[in-house]
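Look at the two complexes coming up: chain A is in both, with chain B in one and chain C in the other.
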Partner chain A sequence: MSEPILSEIVIEPVTRIEGHAKITVFLDEAGEVKDAHFHVTQFRGFERIAQGRPVHEMPSLMARICGICPVSHLVASAKACDEILGVSVPPVAVRLRRVMNLAQIVQSHALSFFHLSSPDLLLGFDHEPASRNILGVAERAPDLARDGIAVRKFGQEIIERLGGKRIHPAWVVPGGVSAPLEPEQRDAILATLPDARVRAVRTLEWFKANLASWVEEASVFGSFPSLYMGLVHEDGHAAYSDGELRVVDGDGHLLVDKADPKPYWDYIGEAVEPWSYLKSTYYKPLGYPDGLYRVGPLARLNVVDRLGTPAADAELAEYRARLGRYPSSSFQYHWARLIEILHCIDMLEDLLSDPGILGTDVRARAAVNRREGVGVSEAPRGTLFHHYRVDGDGIVQWVNLVIATGHNNLAMNRAVLQVARHYIRGDQVRDGALNRVEAVIRAYDPCLSCSTHAVGQMPLEIDVVGPDGDLVRKMSRPGR
Partner chain B sequence: MSEVRTLVIDGKDVAATSDQTVLSAAEENGIHIPTLCHLEGLSDVGACRLCVVEVEGSPKLLAACATRVEEGMKVTTSSERLVAYRRNIVELFFVERNHICAVCVANNHCQLQDQARDLQLTHFELPPLHPELTVDATHERFVLDQNRCILCTRCVRVCDEIEGAHTWDIQGRGANARLVCDLGTPWGSSTTCTSCGKCVQVCPTGALFEKGRTVAEAKSRRPYLPYLVKAKRQGS
Partner chain C sequence: MQHGHALVVGVGNELRGDDGVGQVVAKALWSRRHGVPVLARAAFIWSVQLVPEMALDLSGASFAVFVDAAYDGNAAGSVQLSQLDSEVRPKDRIGQVAGALGCWADLSPTSLLSLSAELFGSAPRATLVTVSVDVPGTGVGLSAVVRAAVPVAVRVVERAIAAWRSVSDAVPQMSGRVLHA
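What follows is the complex of A and B.
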C-alpha cells in the first residue's frame, strides 16, 4: 500500500485566538465520504468551578462563560436562582431583564451576521482569505459594514446603560435586577432605536435581494428536515426570556407544546462522544441520534405561530412564502437572524415606551428556600438551561448547563457531513471546501468559547481518514 | 506619660509623642503609607507587612504600624526597594488563595484590590497555589469565604477588642493558617458570636460578607469603627 498523502495548507497572516475546532472526514472503500465529525477540543469546566460557591454569586459567575452572550447566562442563571430563593420577581424587573436579553440578542446577532458571516456572503466563499473579513466588507460595501457596527453598538449600549458596562454587567441578580432604569437612560435608548431599525431593515433587503446567489450553499449547508425547539408564549408568539417549550418536526407536527420547560430532562437527553468535549443533546422520545433537533433563530421562526410585532411578522410572512413554512436549510439561520434583529428592536421599543418600565420595585430578596432550581431563556443561539442544586446554606453542590451549541451539535455534525459529501471525493478536496465547512459551522453561530466569534478565521483542521483508519489527507489552518 | 519626639519622615521634620507609631506620625503629617491589616481603632499586629519602611541605621525593614517613634529617627516611606517589597507582598496574598476579583462579592470595594492597583501590580510572576478552600455559609446572615481571606486578623481583633466576644481565631501556621470560629466549629453553630456584623464591616476583602450579596455588592462600612472605640472607652 502506498504511503498516505499528507499535505498541509497554512494560511497567513496568523494571530492567536481562543478555541479550537477540528473536523474528521471518514471515507469508505470506494473513497466516498462515509461520516464526518465536528470536534470541539476545548474544555471549560464551569459546571465544576461553580461547586462550592454561594448561590447568589451564580449569575455573575456563570456570565463569565462567554464574553459575547454573558447576558443570556445572567438571565438563565438568575431565573434558576429565583427558583432556589422561591421568590416572585417584581414585574418591572421581569421586563427589565427582557430588555437586556433582547439587546443581547441584537448585538450578538449583529456580530454573527455582519462581522463573521457577511464577508463570506458579500465577497464570496472563494474570496482570498486575507481580505475575507469585516475590513474587506468595509472596503467593498462600506454601508453594510457601518450598519453592522452600528446595530451591534446599539445593542451593546443598551446593556451598558442598564448594567453599567457592556460585557459582564452584574446587574441581573437573583430576585430581579440590582437597580431600576433611569429616565434619561430610557430616553437615550429610545433616541437611538429608529436608526437601528433603519439599518436592520436595509440589511434584510440586501440579504433578500442576494438570496439567489447562494443557492448552491443553501442546498447543502445543513439542508435536512429535523425537529425544532424554542420558547413561545401561550398565544404562539415568540418568547425570548420566558415562555413555554414547543418542539415541532419538519412537517409541523407539534411534539411538545405548552410545556413547562423546567423539567428539560423529560424532553432532552445528553449524549457524550469520545471525540468531542461538547455534549450532544437529543429529543428523548426519539433517542440518540435520531432525536436530532435544532435551536436558535431558524428553529425559533419555525416553532412560533407569529413573532408578535407587525414589521417582523411581515418579514416572517415573506420568509415563509419564499422558503416554505418550515425552512430546513441551516443556511437560512442568517435570514432568520436578521428578522430576529428587527423583531427584537420592535419589542425593545414596546417595552421601553411603557412608562411602567421606570418602576423602582425591581428586586425581591430572600434566603435559600429550595434546594433545586432550573432557569430557562432563549440565548441568541437557542434555548439555554441552567440547573443548580444547593445545600441548605445555599452552597452550590451540582450544576448542569445545557447550552444552545450543545443542542445544535448533532445538526452541526450532520451539516458538516453534508458539505463534506458535496465537496470531497476521496483525497480530492474541491477548492473552497475548507471555507464552506467553516461557513456551515458559522451559520449556526456556535459559541465554542468565542472561537468563531473572534475577527478572522477559527483554527480548523480537517482529517480525511480512509477505511483502514489511515490518514489520507490532512488540511489545517491556524486561526488569525 | 508620653513625651515629645522629633524625627524625620521622607525629609520632613515631624514631631510626635513617644507612644505614637511611625505610621500614626506619618499619617498625622499627611504622609501616606499603604496598609492592609491596620485599622484605626484596633490594636496593631504587623501581620501584612505592607507598611514596611526604611529606618536609617536599621539593616532590616520595619513595619510602620508596629514601630514606635524615636528621637532623631530618619524614616523613608517610599523607595524603589520598598515598592518592590510591597508589590511582592500583595502578589503573595493573591497567589496564596483564590482571589478572583471579577466574580468576587467585594469587587471594586476591596482594599487588597486597591493596593494591587496602587502598586501597579498588573500580573503575577509567582504560580498561584489554587488551594481547595471552603465557604462557610452556615450563619444565618453572614458568609465566610476562606478563598478570599488574607489573614489580616482585623475580624479577630474587632471581635475581641470591641465586641468582646472573641469568636474568631487563627488556627495553624504558614500556608495552613485558617480563620476559625469558636475553635473550629461552623459559624452557624457558634455559641459566642453575637451576630453583630463588625467582623464583616472591617474585612478588607470579600472573605466576610453579608449573605445574599452578589458580585461587587459587598461594601463594608469601615469608618464607623472609631465611634465605637470612643463609645466603648467612654462607657468603661
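What follows is the complex of A and C.
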C-alpha cells in the first residue's frame, strides 16, 4: 500500500513581519506545488471605524492604524483633509511634513532590513531558527546590529523631535503642522546626520559585498516581470510626499506618466479573494489579475529617472549596472531599501540645512469647503491613498484606504508560489525551505495592520494542502 | 563603584486598559521628578513595547527599573519587585535569550540587557517591578484596583532607585528627562 500523498503545507504564523498572516502551499498528486496563497488573517476595519468622526480628527485617528508607519497615515490623511478644507498648505509646512515622512521611511526601512530580514541575510536562510533573529545578528555581527539600532533610532528621534513622540505623533494636522521646528531641534537633528549616513553607507557596502551569497534566492524570490508604480516629481526624480503618478512596465514603457494621482480609480481597481482580508489591487486597464504591479522601494527605483541626491544616484547607477535598468526580483527590495535610506538621509540634510525650514507660518485654517478629498504620499512600503467623503458639517461618511501592502498583494502571492515551487518537493520540506517562503514575504516588508484594518500583532502560518484538499502539514508558531 | 544615572522603562499599551500600567507608573514618576530627589537625576522611557533601540539607552545607565503589567495569576494590583541579573554575560546568555525570540517584538528586559552588553559594552544593574493584572482591557484607563496600585508601584521604584543610589558614591549632575515617549 502506497504512502498517502502530501496535499497541503501550512506555515502559521509567518514570523518577522508586521501583522498576522499564514501561507498555504497546495500540492498536486505527484507532490509538486500546484498553488500557494498568502492569507492575511487579521481584520481591522478602520474604514468603518472612521465613519461618523469629524474630519479634523482623521489624521490622528488614521495614525493609529499602525505603530510602525503612523507618519505615513498622518501625511496622507492630512493631505486628504487639506483637500476637504480647500486650503493651500504653507510652504514651510509642506517641507516639514516631508522631513517627518523621510524620517519615517528611514526608521521603517531600518526595522525591515536590520531587525526583520538581516538574520536571514547574515546567518543564512538555513540557520537554526532559534537564533535566526536580531540577537543572533548581534552575536555574529555586532557592527551590523549596532548600525541597525542607530539608524532606526536616528529616524525615530527626528519624529520625536518634530512631533513630541515617536509613535502616533499628532503634529501633522489638516492645513499643515501644529508647530514650527525649533532651531535647537533642527541643530540636534543635523548633528546626528553624519553618523547615520556613515552607517547607511557601511551597510550598503556590506550588502553589495555579499550579493553573490544570495544568487539563488534572488533568482526565485518574486523574480518576474511586472508593472511598477510610484510618485515622481515633474523632472523625473523621486517624490515621497508629493509628486505625480508614474506606472512603467518591465521594459520601461510608460503606461502612466505625469498623472494626477488623486483620481486613483482611473488606474487602480480593487479585488477581494475569499481567503484573505487583504484587498488585491490591480492596474485597471489590464484587469484582474493580469494588472499585477509592485510598489515600494523596488518599484520606486524602477519608475524614477534618478533619485535626486548625488550619493544615492551613484548607488542607483551601480544598482542598475549590476541588475539591469528594471530589476524584477523582489529580493532586490532589500538593496533598494538601503539605497533609499541613504537618499532619505541626504534629503533630510538638504531640507534641514535651508534656514527657511524654521519659518513659523506652518498652518492654514479653514472650515469644510469640499465634500471629498484624496491624499497621496509614498509610505515606506509604497504609494498610499486616503480617500474621504464628508457631509456639510465635516462628519466623515465614507473612507477608502488603498495601502501599499494591498498594491503588492498579487505580487506577493505570485512570489510565494515561485519560491514554493523552487524549494518544496512533496514531503521533503526542510525548515530552510519554509523559511524562504516566509522570507520572500519579508522582502516586500508588508504591513498587515495597515492594510486590513487586527486585533493583535505580528505572526503568520504555512499550510501545505494536497489534491484532495487535506491539510498535509501545518507550521504554526505562537503569536502575541 | 557605580556611576551614572537611573533609567525607568515603563512598558504597556495604554489603549488596552490595565496593560498600560507600566506606562502610567513611569509617567507618574516623571511628573514627580522635581519633588523627589532620587528622581531628579533619572531618565525615563515609556513605550508600548521593548524595542532593540532601548539597548543603547540602557548602556548609558547605571541602574534600570523596568515597570510592566504581569499576567501572573496573582491578585490584580499586586506589586512585585524582582532583581534581574546583576551581571549580564552576553556571550553566555545571548544564545539562550535569542532562542526565545520569534521576532524583534518578543524582546524581554533580560534580552535587552544582553543586547546592551553585547553591542555597547555595558548593561546596568536592573530590577523589574510588575503590577499584576487580570486581563488586558479594550480602552483607555485602568481598573480601580490597578489604579490603586500605581502609587504603590511608584514608591517601590523610588525605593529601588534610592537603594541603588545609597551604594553609589558618584552620581553626575543630570536633570530628569524623557528619552522616549
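In the analysis below, the second predicted complex is superposed on the first by the 445 of 480 C-alpha atoms of A that agree within 3 Å, B and C clash if a C-alpha of one lies under 4 Å from a C-alpha of the other, contacts with A are read in each partner's own complex, and residues count from 1 in each chain.
In this text, a contact is a pair of C-beta atoms (placed from the backbone, for glycine too) under 8 Å apart; a residue touches a chain by one contact, two chains touch by 3 or more.
Note that the structure is predicted; figures quoted are calculated from it, not measured.
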Classify the contacts of A:H56 with the two partner chains as first (chain B alone), second (chain C alone), both, or neither. first
Output check: A:Q104 vs chain B and chain C. Expected answer is one of first, second, both, neither. What do you get? neither
Who wins on chain A residues touched, chain B or chain C? C
So, does A:E139 touch the first partner chain B, the second partner chain C, both, or neither? second
According to the stated criteria, A:S77 is in contact with first (chain B), second (chain C), both, or neither; which is it? neither
Could you list which residues of chain A make contact with chain B in one structure and with chain C in the other? none
Write out the stretch or stretches of chain C touching chain A in their complex. 47-48, 52-53, 55-56, 90-91, 94-95, 97-99, 101-106, 111, 114-115, 118-120, 180-181
If we count contacts the way the header does, which residues on chain A are in touch with chain C in the complex? 15-16, 67, 111, 115-116, 130-131, 133-136, 138-139, 142, 145-146, 148-150, 152-153, 156, 160, 164-167, 457-459, 477-478, 480
Sort out for me which residues of chain B touch chain A in the complex. 102-103, 105, 107, 134-135, 137-138, 140, 143, 145, 188, 211-217
Which residues of chain A touch chain B in the complex? 52-54, 56-57, 59-61, 64, 168, 170, 173-174, 178, 365-367, 393-395
